[in-house]
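First the structure, then my questions, so here it is.
Chain naming follows the written order as A, B and C, and within any one chain the residues start at number 1.
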Amino acid sequence: MKFWDRLLRIDRRWLYAIIWLVVMIPLLFPFKIKPMAMPPVTRLFNYIDTMPEDKTLVISVDYTPDIQPELHPMCIALLRHAFANHRKVGLLTLQVMGLGLGEAAIRQVTEEFNSRATTHEDSIINGEDYVYWGWTTPIITILLGMGERITNVFPVDYYGHRTDSLPIMAQLKNYDDIGIVVSIAGSSIPISWVNFANTQFGVPIGCGATAVSAADYYPYLNSGQFTGMMAGMKGAAEYEQLVADKFDELGIRWELRRKGTEAMSSQTAAHIAIMIFIIIGNIAFFITRRRKK
Amino acid sequence: MIVLVLGIFGAAAFIIPHPIVKGIDGTMRNDVLRIITAFSLVLGVGSIIQHHLIKVRRKAEHWPFSYVTLIALVASAIIGLFGGIDPASPGILPTHIGGFSFHMQTLYENVMVPLAATMFALLAFFMASAAYRAFRARNLEATLLLIAAFILMLGAVPLGRMLIRPLPDFAEWILTVPNTAAKRGIMFGIGLGSIATSLKIILGIERGWLGGGGK
Amino acid sequence: MVLALSLCLLLSSLNPATDVIAKDAPNDDGNEIILTWARSDNPTVISYRVLRQTEGEAKWDTVGVAGRLASRFADDEVQNGIRYHYKVLAVSETETAESAISEYAVSSPQWFDLDRLSALIGTIIFTCLIVFFINRAKRHAEKLFIRRIAGLDAVEEALGRATEMGRGILYVPGLSSIDDVATIASMNILGEVAKKTAKFGTPLIVPLRDPIVYTVAREVVRESYTTAGRADSFNQDMVFYVTDQQFAFAAAVDGIMTREKPATNFFIGMFWAESLILAETGASTGAIQIAGTDAVSQLPFFITACDYTLIGEELYAASAYLSREPLLLGAIKGQDYSKLLILAFIIIGTILALAAGLPVQDIF
C-alpha cells in the first residue's frame, strides 16, 4: 500500500519530465492524425468559401509572439484559403506586437503562391490582391473609422505606400466591402470587433482564439455575433484540413507545412497523458482513503 | 465629490450622444488618462529602481540579481531611446558590432519573445501537475467536474472521434449549453456586482480603494 | 430635350432604386444622415452611387458608393442644421439609372440615446433597490444576513498562520488597470488585508503590473497601516512596480514566491493566462492560497490550484464581508434582489416567447 501513498506524494518534477517527453517525442516523430472540423470551424470556412467575389477577407492579427505557435497557423490557413479561392485580403493588427507576425504570415503565403505561379493571374501581388495596413491606435477609432473610410484610418500601409494609391483600395472603402473580419487574438479584442464592427456596422466577425480563452466566446458564437470560430491548435488544424480538402478540390497539389496539424499528435499525446495522470491520481486517492477508513 | 461628479458624468455620457458631452467624455478618457499613465509610469520606474537599489545596498538574499534587473532596465532604455528600432531606422547610437545587431527589434525578437513563450509554455507542465494533484473525485460535484473534464479533453483531440464518434459533438454540447448557462449566471452576477461596486464608489460608500477602509 | 430623355429612359433596361428616404441618424452626435432605398430588381446592378444636393445649390456631389446588396448608406459628411436631399444612382457595367429625389433631411445631435433606454431603466431600478437597502441597513444593521464565504473566512486564518511561521504575505491585485472593477474590488480587499498585516506585524509583499494601480495600491497600504496605528511599520518597499509585460510579471512573481516563500498568497483581481502559472508555483511552495477573480475562464485554474477561490461577484462582496460595514452589506442585499428581478424577467420572457412566439428579444 505504501506504493499508492508514495504515488500520491510524487515529486511534481517527475510529472514535468513525463509531460516534456510526451510533448517532445511526437513533435520529433509525429504520428498521422486527420483532424475533423467541428461546426464552428466549418461555419467560418464555408462563410469565407462562399463569400461574394467582390468582398474582401480582413484578417486582424491581434495576437502576440508568446501565443504565436497556437494562433499563427490559423492566420496562414486563412491566407491560403483566401488566395486559393481568389479572394482579396486586407490585413491589420490592433496589437503593436502583432505587426511583425502579420508581415511574416503574408510573406510566407505570398511566397508559397508566387513561387508556383505561372501566370499573372496566379500571382499574389501586394496592393492588388492584398493590402497590409499595419498598426495604428486607438482601437475604437480604428474599428469605427473603418466603417467610414479605411484609407482615412490607414493613410499609408505597412510598407509606406499611400493606401489611396493602391488598386485594391478602389474596391475596398469601408466595412460594406468587407465580407468578414477574422480577428485572431489571445485577448478580448475579438469582442471589440463584435461590439463596434458587427453591432454598429453589421460586418460579420470570425474569431481565432487560444484554447484557454475560447470558452469565453461561445455565448457570442451561439448568438450569431461570431460567424465561426477556430479554438486553439485544434481549431487551426481543423481549418488547415478544410483548406487542404479545398486544395484537392481545386487540383492544387502542393506539399505545404501545416503546423497546426503537425502539433496535433503532440497535443493528443499530452491530453492522454494528463487523463492517465488523473486516473492514476484518483485510483491512488481511493485506495489510500479506503485504507484509512 | 470629484468621483461623484466624474462618475455620474461617465454614466451620463453613455446615454447622451450630444457632441458637447461626447467631446468632454472623449477628452477625459483619452487625453487625461494618457497623461496620468505617463506620469505614473515615471513613478513605477522609480519604484522598481528603488526596490532593487535597496536590495543591493542591504545585500539582501540573491542581491546580485537586482544588478541584472537594473542593468537590463538602463540598457534597454538607452537602446530604445537612442539606438533606433531596427536596422532600417537607426538611431543616434551605433547598435551593431559588425554583423551583430542589438537594436530594440532584435532584442525584442531574441530576448522578449522566447522568454514570454517559455513562460506561457510552462502552462502545459503546470496543467499536468495541477490535474494530478487536485482533480480528485472527492464528492458528487467534483466527480461531475471530473467526468466533464474527461469528455472535453478527449473530445478536444482527433482521437476522441476515432474512439467514440459522437464524442466531440457531445463535448461541444457541454461547452455550448451547460457551460454557457453557468457562465451567463456568473456573468449576471459579475455585471450587477460591478455596477453595484461602481455605484458604491460614486456615492462614496466604498472608500477602501482610497485607503479609507470603508468608512 | 424631354423627348430625348424619355427615349433614353425607354431604351434603358436598368430599373432605378425606389423609395429613397433620407432621415437624420437617430440617437447620435449629429453630422449624419441615413439614406435608405429599395434595391433595383435588376440583376446587372453592380453598385449604387449616392448623390447629395445642398439646399440652394445647383450641383450634386457624389458622397459615396454602396455595394449591390446594400440598401442603406450613412452620409456622415453633412453639417448639422443644413437641408440636404439625395438621389441614388443604380450603376451597371454599361448604364446608370437615377432614382427619384428624396425629401429634404436635416441632421442634428440628440440629447438622449433611445436605444439605451432599457439600460437606463434597468440601472435606475437597480440604483433604487441598492439605495433602499443601504438606507434600511442604516436602521436595521443587525438583521442583515450574508452567507458564509469560505475564502474570506480563511483570510484571518491565513494571516495568523503567516505570523506564526514568521513568513510574509504575497498580495497580487491582478494584472489589469485601475478602470477594471475587479482591480478596484481587489484594492478594497488589499486595504483590509493590509490592516491585519499591520496589526500582526506580518511582512507584506505587493508586486504590481500597472503603474496607476501601483500608485493607488501604495496609498491603500499606507492608509491601512496608518488606520491600524502602525504608520511606522509601513515601508515604501512593500508595494512595488515590476513590469507591464504579462509573462515577465508572472516570472517575477514566481521568483518572489520561490525565493521569499510567503506563507499565504492572495491572487485577487483580473488575471489572464498567467493564473495557473502563478497558482501552481505558489502551491509548490506550500503556501495557503486565496484567489478571487471575475475572469470566468481563469476560475477553473484557481479552483484547481488554490485552497480558496472567490468566484465572480464574491470578489465584489469581499470588502463588505471583511469590514462588516452595514452600508456595504446593504448594497449586497440590493444586488441580490436585482438578480431576483432579472431571474423573474428571464422566466417570464422565456414563457412568453415559448407560449406565444412573441418577439420578446426585440424589446431589449
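Here is the rule we use: a contact is a pair of C-beta atoms (placed from the backbone, for glycine too) under 8 Å apart; a residue touches a chain by one contact, two chains touch by 3 or more.
Keep in mind that this is a model prediction, so the values were computed, not measured.
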Chain contact graph, described as a line, ring, star, complete graph or other shape: complete
Top chain pair, ranked by how many C-beta pairs fall in contact: B-C
Distance from the mean Cα position of chain C to that of chain B, given in whole angstrom: 15
Rounded Å distance, chain A centre to chain C centre (Cα mean): 25
Geometric centre distance via CA averages, chain B-chain A, whole Å: 21
Junction residues of chain C - those touching two or more other chains: 246-247, 273, 284, 296
Shared-contact residues (touching 2 or more other chains) in chain B: 112, 116, 119-120, 127, 129, 131, 133, 135, 183
Touching two or more other chains - residues of chain A: 12, 66-67, 215-216
Chain A-facing residues of chain B, complex: 30, 105, 109, 112-113, 116-117, 119-120, 124-125, 127-129, 131-133, 135-138, 146, 149-150, 153-154, 156-159, 161, 168-169, 172, 175-176, 179-180, 183-184
Sites on chain C touched by chain A in the complex: 64-70, 76, 246-247, 272-273, 284, 296-297
Of all residues in chain A, those that touch chain C in their complex: 12, 52, 54, 66-67, 148, 173, 176-177, 186-187, 210, 212-213, 215-216
Chain C - residues contacting chain B, complex: 27-30, 109-113, 116, 119-120, 123, 126-127, 130-131, 134, 181, 184-185, 187-189, 191-192, 195, 208, 211-212, 214-216, 218-224, 227, 236-237, 239-243, 245-248, 250-251, 259, 273-274, 276-277, 279-281, 283-284, 294, 296, 299, 301, 304-305, 311-313, 315-317, 319-320, 323, 325, 327-328, 331-332, 334-335, 338-339, 342
Residues of chain A touching chain B in the complex: 10, 12, 15-16, 18-20, 23, 33-36, 38-39, 64-69, 100, 138, 211, 215-216, 218-219, 221-222, 232, 234, 237, 264, 267-268, 270-275, 277-278, 280-282, 285-286
